[in-house]
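Read from first to last, the chains carry the letters A, B and C; within each, the first residue is number 1.
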């Protein structure tokens, strides 16, 4: 595939669409223009749906290769592919609202996901126990603020120490908000620059 | 009749200023003007991390988070995969890549391959070293635990989009005595990396890492523009606060134009 | 190895065993420990209570299987409140696992029949829109373009009385993000609440809540229910204590346990370092 098709055409499409959408955001435009931009926004919905399908294809490709070549852990890959195919077939035949699809989703996705999320709570306790060991000033500050916030968040914390919510509230609204705002501003500016770099094709991610 | 949408004039002005600054500094750098960027310690430590892995005869492990979206942090992480792959290939170090997001799996593989090719060691590219872990946060975390325990790498490099999993990965890295470099866009994840990693970067620093790594003139011009724009934002905040304290809302009115 | 070293490097299984006991015990034998309600929970409740009965609400229900255990507690009680107040509500989601969890929530709260009986006149469900923030932007721009003109059940939106004259974010009075996976309510804030200057209520995870305070302070977000504790407070305000309130005993125990662990570890470290005691 030529460089023009692979690189310049996608960048060109991105640039045109970005300018079209930015003009609608900043300038007063006629209704006919808004119809065009609404369609453009709906394109992203379609593209996102296709990206999901692309993800499924990636998984099939990667794990299929593992199964065919019988590499280490191929049985897990075979299970992933089996479950994926079952979901696709049941979804296509009965629809995503059908009883069997929802039943499969409940048993094979929802419960394990909820379980893994819950189990991580246990790991979190141990991680915090090991991480909050005061051996430097930064960890001392972290630990002090963490103790105040955590105690205030405990359901009976404010009853045992009535001053806790006030201190926690000040921590939330003053230093936390100030630091968060600073981060949001800096991160947003950097994100705009990355966006501009992407628009002019000066980034590796996805352009090769 | 107004041409501009009410309330967005200041935003347009600021965006135009940023675009002007980027193009100005990019053209300055392209015409040979040398601009110095502060070295990010986490960036400098990557060489050290790979070197340690080579000395210990262990692989290095890199990941860029789990969020299944092409956002700036994930893109920086993907660039980092290419850069670290190149450094690792140059030093003859095996690289393990843990991929969370589904959509960027192919990009990560391609960047890894290109990194090996650019280092002149295409034979070091091994697709079996790429492990897909899903974009579900805690399933990704469980997968990371598995990889860290299975490979016990000499170095862990995690630059990208992390969140609550940062403290868990960080603790595990610390427990296993792995040399850790962590960087996250989210400030709370960055703070957890600060607690647990040997080197950390957070917020806009990871974008500066991406820029200094790529050595691209636009990237460096972007970093300088971002810093200037941040200074302007801070100046507006300070002036606005003083004016608001004195009872004047002229700046607030201007910003709301 | 000295005792302090053993305690400082204790194997995780012992910590997990104690944690499991502390979690299970209050669930089997509730102690009825007191629960405090945060100010922001009051703000949320009073805000919803004060809305006129003809308010048109956009209610994104972005449930995820992983976070549903925590956020589901607040989403159940908020949806109950919205139904009790008799608002007109348009539900939607930008999370793929949203639809089944939404209907399960309705059934669990005994609201499914009411939802179906008044469907089209008081309630509409727009189905899942892919693309996360792009999906939210698309809904804010034009619901009919984003959804292809159809709702979750395949009905033409133009045939539904509630959707007459309703097509963009600006046609709604309030956004109530009834379920929240990760940062999706920030996307609704960015795409609907701020551009159209309408209030937004959300219920983030406890881990996420701290990052939303700047939005609350700036007035961009009206109120939030933070995690399970917010849900428990809301249940008490609704005079309808449920699973969230029941979980608070266990939450109290775990909070106290972790505080003891961290403070105890640091005290031991201090004694080792400065006391010279093994």
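In this text, contacts are C-beta pairs under 8 Å (C-beta built on N, C-alpha and C of every residue); 3 or more make two chains touch, one makes a residue touch a chain.
All values derive from a computational prediction rather than experimental measurement.
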* Asked: Just by CA atoms, which chain is the most central one?
  -> A
* **B-C against A-C, pair bridged by the larger set of C-beta contacts** => A-C
* To do: State, to the nearest whole Å, the distance from the C-alpha centre of chain A to the C-alpha centre of chain C.
  => 17
* Could you give the separation in Å between the centres of chain B and chain C, each centre being the mean of its C-alpha atoms? => 30
* **Per-residue overlap in chain C, given as positions that touch at least 2 other chains** => 66, 132, 210-211
* Structure fact -> Residues of chain B that touch at least two other chains are 136-138, 164
* Asked: Can you list the residues of chain A that touch 2 or more other chains?
  -> 52, 113, 116-117, 123, 126, 128, 132, 180
* Which residues of chain A touch chain C in the complex? -> 34, 37-39, 41-42, 44-49, 52, 96-97, 102, 105-106, 109-110, 113-114, 116-118, 122-123, 125-126, 128-129, 132-135, 143, 146-147, 149-151, 153-159, 165, 169, 172-173, 176-177, 180-181, 184
* Along chain B, where are the residues that touch chain C in the complex? -> 69, 136-138, 163-164, 186, 188
* Residues on chain B engaged by chain A in the complex (per definition of touch) -> 1-5, 8, 11-12, 15, 18-19, 22, 68, 70-72, 74-76, 78-79, 82, 102-107, 110-111, 114, 127-128, 130, 132, 136-139, 141-142, 164, 167-168, 170-172, 174-175, 185, 187, 191-192, 194-196, 202-204, 207-208, 210, 214, 216, 218-219, 222-223, 225-226, 229-230, 233
* Structure fact -> Interface with chain B, chain C side, in the complex: residues 66, 132, 182, 207, 210-211
* Structure fact -> chain B partner, complex, touching residues on chain A are 25-28, 51-52, 54-56, 58-59, 62-63, 65, 71, 113, 116-117, 119-120, 123-124, 126-128, 130-132, 138-139, 142, 179-180, 183, 185-187, 189-198, 200, 202-206, 208
